[in-house]
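For reference, chains read A, B, C and D in written order, and residue numbers begin at 1 within each chain.
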């Protein structure tokens, strides 16, 4: 259903996302994982056509038969909120503070052709569907009167309003209290049609997704079914990531990945991870290709 | 002549202009038909109210005298006293009794007839109701009597040359016995114009008086429009907002009106002596030598050229050339910085020059300061709000060393005779000369006043920077503009438009 | 909201009273006895004392204040010492003129600033946007009276298409009224418009960076649509604050423009009053100006609260 | 975006630098005595030692502009100085005790002072003490106090909730110590920006006051007064209005740009781009 081929994102001369390709089948839930600065959010935003000013995408991305990248804004904007929707990381600022919640939910429907009164009614239903108590009252509230978790549910209601084919969630629970995170994730898992779920949290991915893409330095370094990648990581970065997140019984952490993520544009040539990789050799100065069917990786010295 | 109170007025500012002259014209005004012509005249100071019996300032008589209020006599363009409401007057042999024969069929704008009773009433009010100190000019009047409806007799305590002259001023204005209830807002007079409308802060319109006893004015209305900013007034004339600038406040700008196809410039003289006053009552200017040094230190020609674009006349004492006893005294203190330094004896002084914030004063002060600095007198300029603050600080309290003001009143040499006056000039000889001039014959008067003027100059009681020019700019085709401004009013009676 | 309104109203009233005390006290410091000034330099002491009694300036200051303030509450500003005319009608006449001048200037500023500022923000990376930004920067640097003088020079003196000054009441001739006000409006509005353009631009730029604008686009709105529907109202919140500040500035800026264009407004009345030491008049005008600024602040605060539900 | 030259800072700094330079040099040297009246040089054309010509008093325009720069800075420094010295502590106190009666009182008085704009204050003060540079500066300074107090308060409110202040308070540091050691250094950049903007406003205010006759006393050269005096010669000798007008505009532009530039320079948050991954 969603096919991404050779997606590049650049800001001025700096390439932020390099040659990303993946697919999502109808009903499939795919996780996109990586540290901040890895290019995962930009990948998602380029699919939505919401890249910040001065940042451009090239390559191919299709949702069904419709192109998402390299087409005029007027065409993409009709897909947004209808065929594909997105829930953002920061619920506190994602809603218009001067507009009632119900109106903001209804807006996405009227925008795509539903009559106003019908949209109003359906907005309340949607609020109920995302498990908000007293949806009628919430519809009349302003965003500042809701908690973070409630606002994120409102965002989810907006995303679901027009029955999209694909839902993109960009760290939807990061900003929420731990107690609320679980409910939110359950809700997303329950209502999402097909899902592209972006996070840096391996545990969340594990509970949500069937397939996973690991990004680092603007590239997909490893991809495959969740179980394979998590139990038998091939790329040294994935390996490090998993090791860092795994707790020992005594609660002490294993060594994390050395160094830190370089700023955009400062990644080494060749394998982007080689300056932090304990296994790096001169061979790594050449860019490795993402190879392998099903469980693919881009590494000259993969783990077994 | 006793102490002549001054209407120091706004100096050149209010002075604006005055007097009559020219011949009535006729023509097609902007309004269309021959009887709806109107004219608008730009002036600088708006009156605070319309009651010149209790409010100082030149602005009120400027617009009301001769135009709305008339006296028994008036001053013509040549400085001659001519009949107005009095057809004629006879002076007794002892020069103490004046018998005025009044015009008949004169009516006030209220409809009341003008009779000798009104003369008795009006001159009586000067003593009883007027609040201005200039009313002392009529202290010489002993009694005013009605002989019959058209004859009034004024008896003086002693002969006075100043009496009839004072009668041409505000003091001689004739009021109706039934028209003094609201002088501040509703003037009632016998003149060719009546008050039309007053838009405070903007303009005063006078309308032609349909029942005027004399030659009816050529214009149906004249509007006096008030400007605080000289440039704004210039622009108004350039763009047709007004027809006449009654007194140019920015003489350098005259070039703008050089096109003879559009504008005309009238340049004449006034009674306004721009005086560099020195406080004779306190150091350092209580020292005659220091005062004389100042007079030598100032290059009057350069001052006039820079400060007032060379417009005006140089004078050397308190007498304008239009007075019969004028003598050229400009040679008394030639520009001579070396002499000035010598007179100062090598000493330097720091003094306060407190001036009114009027264009001519601010301009002149900067030249005076620069020139005095050359001889060692450092004058700090302090512009004060005119009129209130200047009057308070300098004029009333006398807290100043130097000041610059245009003394606009006609025949005002007498102010130097009063040592409480802000000059604090004190020379008994001078007072004696003035007193004998007022009582004596015409010849004696002239001789005495010439001598008095010389005395003032010799004593360096003040320095006379220049005689303020009467500078009028008008649209081409406006006639009846006064060449010289030597009376208190801007006479509208002769104004016309071609 | 009601509670807020009541509280804010109480503050307004209290500030006005305190301001009245301040104005009165300040005026009491002015040198020059009104009675002496009214009578001129040659007045007799008896006449001065008499007039002082008539003016009531021989009473204790507190009594004078209460009398004056009591009158104010009833719209009576007293009678001028100098012109012996009632002050209230003068002030209300002039206030009308100044209000027209200021509101017109504000309208010009808004008409210029909102589209230009928004355009400059949306196109802040383009040369045209940068040019507008630079032009507004230059516009701020020009003193209002200089702008006025230049406008007169160009449109009145050279082109002779508009009057150089003066004010014609609308009742006399609506056409002339309008023609006479165009240049004053422009000279007030151009400079204030430049200031406002910068605020609008920065407010819109801020809003454009907001997450909810991205949300709106995620819903399917275009850039412009999102900005229009969700951005401008949000951007208007800071702009309204500035607008209030600017109205106050304009009210005072009008003093200068009134001088340039010979418009009989409040500023002109104030300067006249100061020059003529018309104490009561100055007191009245200052009070009205200060009260107007306080009132504008009040309106801005309330508008702010109406615009932003978070404050309710 | 790092490394891109800050154009506003550069231009603003240069313009302000020129004003400061002209003022500084004028203390030691001007081409001619700026106040010396000389009828022979009246309205002298530019050239021959008179770079920009002379005015109707024969005074050298260039020398006047140089000394006028001094007046401009003098007005700005004193006015902004008053505003900063009075307004900053008030704003900090109000910001550190946001719920207290003192804060409420300060802000209310602040609002009240704000209702007396600079021009009104200057006209009133001028009426009492006579017009002059000092009264103008005091009026402009007092009228600018509310702006500083507000900005200082807003910035203080932000600083007060930061971790290091909370830590300092938890450690039992006394409020005055916190104010001096932590708050002031952290709101400094905001105040500097406000100062440069207020400086520009002060220059404009002085020009307007000079136009109304409430500004600098003659013959001390001031750009505002030069402009006012040049009015009557606007048609015949427009250069007399051009130079002071240009000087005012460039100085105001300079201070405004400096403020903008400093804001960007001192507050990098404002130029972040939201393009993380």
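One rule holds for everything that comes next: contacts are C-beta pairs under 8 Å (C-beta built on N, C-alpha and C of every residue); 3 or more make two chains touch, one makes a residue touch a chain.
Labels paired with UniProt names: A = Dipeptide/oligopeptide/nickel ABC transporter ATP-binding protein; B = Peptide ABC transporter substrate-binding protein; C = ABC transporter permease; D = Peptide ABC transporter permease.
The structure presented is a predicted model; accordingly, all values stated were derived computationally and were not measured.
Asker: Select the chain at the greatest separation from chain D, using centres from the mean of Cα atoms.
Answerer: A
Asker: Which pair, A-C or B-C, has more C-beta contacts?
Answerer: By number of C-beta pairs in contact, B-C is the larger.
Asker: Of all the chains, which has the CA centre nearest the overall CA centre?
Answerer: Nearest to the common C-alpha centre lies chain C.
Asker: Could you work out how far the Cα centre of chain A sits from that of chain C, in whole Å?
Answerer: Inter-chain centre distance comes to 52 Å.
Asker: Which whole number of Å gives the spacing of the CA centres of chain B and chain C?
Answerer: 40
Asker: Suppose each chain is reduced to the average of its Cα coordinates; what separation in Å results between chain C and chain D?
Answerer: 22
Asker: Can you compute the centre-to-centre distance for chain A and chain B, using the mean CA position of each chain? Integer Å is fine.
Answerer: From the centre of chain A to the centre of chain B is 90 Å.
Asker: Touching two or more other chains, which residues of chain A qualify?
Answerer: 54
Asker: Touching two or more other chains, which residues of chain B qualify?
Answerer: Only 231, 385, 389 qualify.
Asker: Going by the touch rule set out above, which residues of chain C reach two or more other chains?
Answerer: In chain C, residues 31, 149, 157, 259, 271, 274 touch at least two other chains, as defined above.
Asker: Looking at the complex, which residues from chain D come into contact with chain B?
Answerer: Residues 35-39, 42, 56-58, 126-127, 130-132, 213, 217-219, 231-236.
Asker: For chain C, which residues count as touching chain D in their complex?
Answerer: 11, 14-15, 18-19, 22, 26, 29-31, 137-138, 140-146, 149, 153, 157, 209, 248-249, 251-253, 255-256, 259, 270-271, 274, 282, 286, 289-290, 293-294, 297
Asker: Spell out the residues on chain D that touch chain C in their complex, using ranges where they run on.
Answerer: Those in contact with chain C are residues 108, 111-112, 114-120, 123-124, 126-128, 200, 204, 207-208, 211-212, 224, 227, 231, 234-235, 241, 245, 248-253, 256-257, 274.
Asker: Can you name the residues of chain C that touch chain A in the complex?
Answerer: Answer in residue numbers: 125, 210-212, 214-223, 229-230, 233-234, 237, 307-310.
Asker: In their shared complex, at which residues does chain C touch chain B?
Answerer: 31-32, 36-43, 47, 82-85, 90, 93-94, 149, 152, 156-157, 160, 163-167, 259-262, 264, 268-269, 271-272, 274-278
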